[in-house]
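We just call them A, B and C in the order they show up, numbering each chain from 1.
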Amino acid sequence: MNESTQRRRTMIRGLLSLAAAAAFYQLVALSGYFPRVLLPTIPTVLTTLYDMLSDGSMLHHAAATLYRVLLGFALAISVGLPLGILMARFKPVENFFLPLVSALMPIPSFALVPLFMLWFGIGNLTTVLIVFYAATFPMLFNTWTGVRSVNPIWLRAAGAMGADEKRLFWKVIVPGASPFIITGMRQAFLRSWIAVVGAEMIAASDYGLGWVIFDSKEFLQTDIMMAALVVIGFIGYVFERVVFGSIERATVYRWGMVRMAKG
Amino acid sequence: MLPIEIRDVSLVYDTPGGKVPGVKNVSIDIDASEFVCIVGPSGCGKSTLLNIIAGFLSPASGEIRIGGKAVTGHGMDRGVVFQDFAQLFPWRTALGNVSFGLEMKGVAKAERDKIAREQLRLVKLEKFTASYPHHLSGGMQQRVAIARALAYNPAVLLMDEPFAALDALTRDDMQRLLAEVWRETRKTVIYVTHNVAEAVYLADRVIVMSPHPGTVKADIRIPLERPRDPLSAEFLEWQKNLLRHLGHETAGDETQKSNGKATT
Amino acid sequence: MHHAATLDAHTAVGSDRLRAVARNAFPFVVVGTIWEVVARAGVFPRQLFPTLEDVARSLVDLTVSGILPHHAFETVLRLLSGFGLAAILGVGIGVLMGRSRRAEDIILPLVSILAPIPGLAYAPLFLLWFGPGELSAVLLVAFVSMFSIIFNSWTGVKAVKEIWLRSALAMGADDRRVFRHVILPGALPYILTGLRLGLAQAWRILVAVEMLAAVPWGLGWLIFGAREFLNTDAMMAGIVVIALIGLGLEKFVFQKIEHYTVVRWGMMEAMSRSP
């Protein structure tokens, strides 16, 4: 069978699969075998989602979470990127920071939440700092690897054509390391997202998507919990595909430096 | 050591751009223990034909018989050597690779290893039985591949440009080695190549194919005595002969033409 | 002459190694000193900012009394159960997806929707469904770490070279043997990567879940509980142990396995520089 019928089959099977999963869930929820409170029907979840969106509460939570993520993420880039570059260019810097980074990396960001709560209290500061902690490592590590991997041939060619240190940096090293830098940003964002949800569960005061999920557990509001999960998934998807996808398309794919991964 | 009959084989490729003929109405009879080379430019269907004989592709029409039995899919009566060195399994040593076919046949370990070692000796790699492929050079890996294809004693050996990716010096060595191995084992060999000199060196018969669609253009016997000398006058004559069949004019032809003589 | 040369070589290697150790220790010495100075300066209350000595003493006390080992043991046990479950299911599903287009078409959409949501976000849901305690923790860990394993195993099976399959088939292997002798070893580099990522994820989420799930023992619980009593030194001792276990898993488990298999076969480069 040829490619196009194969692709159509794939799509049909995919849709059927999702539909079947949804139908199965719905049946189980309606059967009453589990308490309705624990397993809300799909229409219930959708209604709750719609209500929370229209009265603005969900948007408020999403905005708070996004604010914390973006702030922490920005901090991580502003520290991780320059430090990674410095580590790759200057051996003493690398010698100093590499052991420290290697020692801290295995510590999950979540393990530091109680400590940060003691030091910085509950609320935005703690959550942003946790995000910052979680996101810095992938950013730093990828940048470091990226700059180290810049093909020395490019550096030699540019030097032979008269480029000085500064121009070498901006015109050869930064673009050359960009696939890694962008991967680093993508991983850093992913980690930020994971960290923020976790941190919000314990350390946020009263808004944020993570907080909503945790709080709704107390009152067995599974429908709210699921609605929040949908929102989290959606935002994550948008960022991954739209934001990072377009950055990659505009730079490294266009330059042929990275092959498009399948789907 | 079995004869091969290829009868009226055709295959059509289904591509996004439409149906492309692979090979069309190819018929060839090969005697047992004959060394046959198939030469032709890219796209003439020689690799396709080999894959059909190997059983990896099914012909749209026609059939292939080996020793009188029809070919349906792959089988242990044919050994295959590809061009890509990576055909060896990286997770097995040279010995492990060579004994794979025997393992599939159910031969006991001690016996397997003995036969595998013998095969490796045949290709002059007896010292490398415990090496992993990534420690071996390209030429060595191809030798292991040949040993692997011979180990379980298939009647037919199918080779698809096995030495094309090697450097010229290694390639010469490998051709000599292959000629020796064939002399010792007397398998029926079908060898695909685009290298005319290689074909003249190795083959009893050369089948020239032309592309679009792939068809047999010429079937030429090479009557030279073995071992063959690639630098002798007769060798070069046969090379020129082949090239002419492939449609390439050689320098000699040019002067002959300008002298008003026919080029045959 | 010969003797002197080898002696020089020995001392050269010895002093090289010493220098490497010193170089690695130096940053910690610097950071440690700064920490001590700040801690002793009394700028922050001793409770919140313990000296290294406090932390060390806490570490020793907790270990000797058996409390820390007990917590660590429970955590590692949960990790192994959850990860073990994830490994079996993950490799199984991933390999199935790689072998069968139909399985891939059916499973991939489901997995793609569930995977991007941060694992912790599912934690309260699991707690509601399975109650607080061991079961929730293990299931959540398994669920979350399964995705990397599935994706990598799937990719690995698909990446098995066509030429290996053809060679094996030509040599008389049937489907089952092709699977055992070619597909599994061929996909191994990817599967190992997936397992490594899965383990790292499992570790991260386990610590978090222990804080949320009210399990009676566990490193996560230890850290969280210590907050109640402002036992920052105990908290830090717990964090140190978490870091050590995480490092140990990476170095002693995975690197060893990789060295023995895919690096030896030349299928993957050894990790030259940690991490």
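Note that in this section a contact is a pair of C-beta atoms (placed from the backbone, for glycine too) under 8 Å apart; a residue touches a chain by one contact, two chains touch by 3 or more.
Just so we're clear, the structure is a prediction, and the values are computed from it rather than from any experiment.
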*Name the chain with the Cα centroid closest to the overall protein Cα centroid.*
C
*Per the contact rule at the top, check every chain pair and give me the one with the most C-beta pairs in contact.*
A-C
*Where the centres are mean C-alpha positions, what is the separation of chain A from chain B, in Å?*
53
*With chain centres defined as C-alpha means, what is the inter-centre distance between chain B and chain C in Å?*
49
_chain A-chain C separation of Cα centroids, rounded to whole Å_ = 19
*Would you tell me which residues of chain A are touching chain C in their complex?*
6, 9-10, 13-18, 21, 38, 95-115, 117-119, 141, 193-194, 197-198, 201-202, 209-210, 213-214, 216-217, 220, 222, 225-226, 228-229, 232-233, 236-237, 240
*Within their complex, state which residues of chain C touch chain B.*
161, 163-164, 166-173, 177, 181-182, 185-186, 188, 261, 264-267
*chain C contact footprint on chain B (complex, rising order)*: 54-56, 74-76, 78-80, 82, 84, 86-87, 89-91, 100-101, 103-105, 132-135, 148-149, 152
*Within their complex, state which residues of chain C touch chain A.*
23-28, 30-31, 48, 101-102, 104-110, 113, 116-125, 127-129, 203-205, 207-208, 211-212, 219-220, 223-224, 226-227, 230, 232, 235-236, 238-239, 242-243, 245-247, 250, 273-275
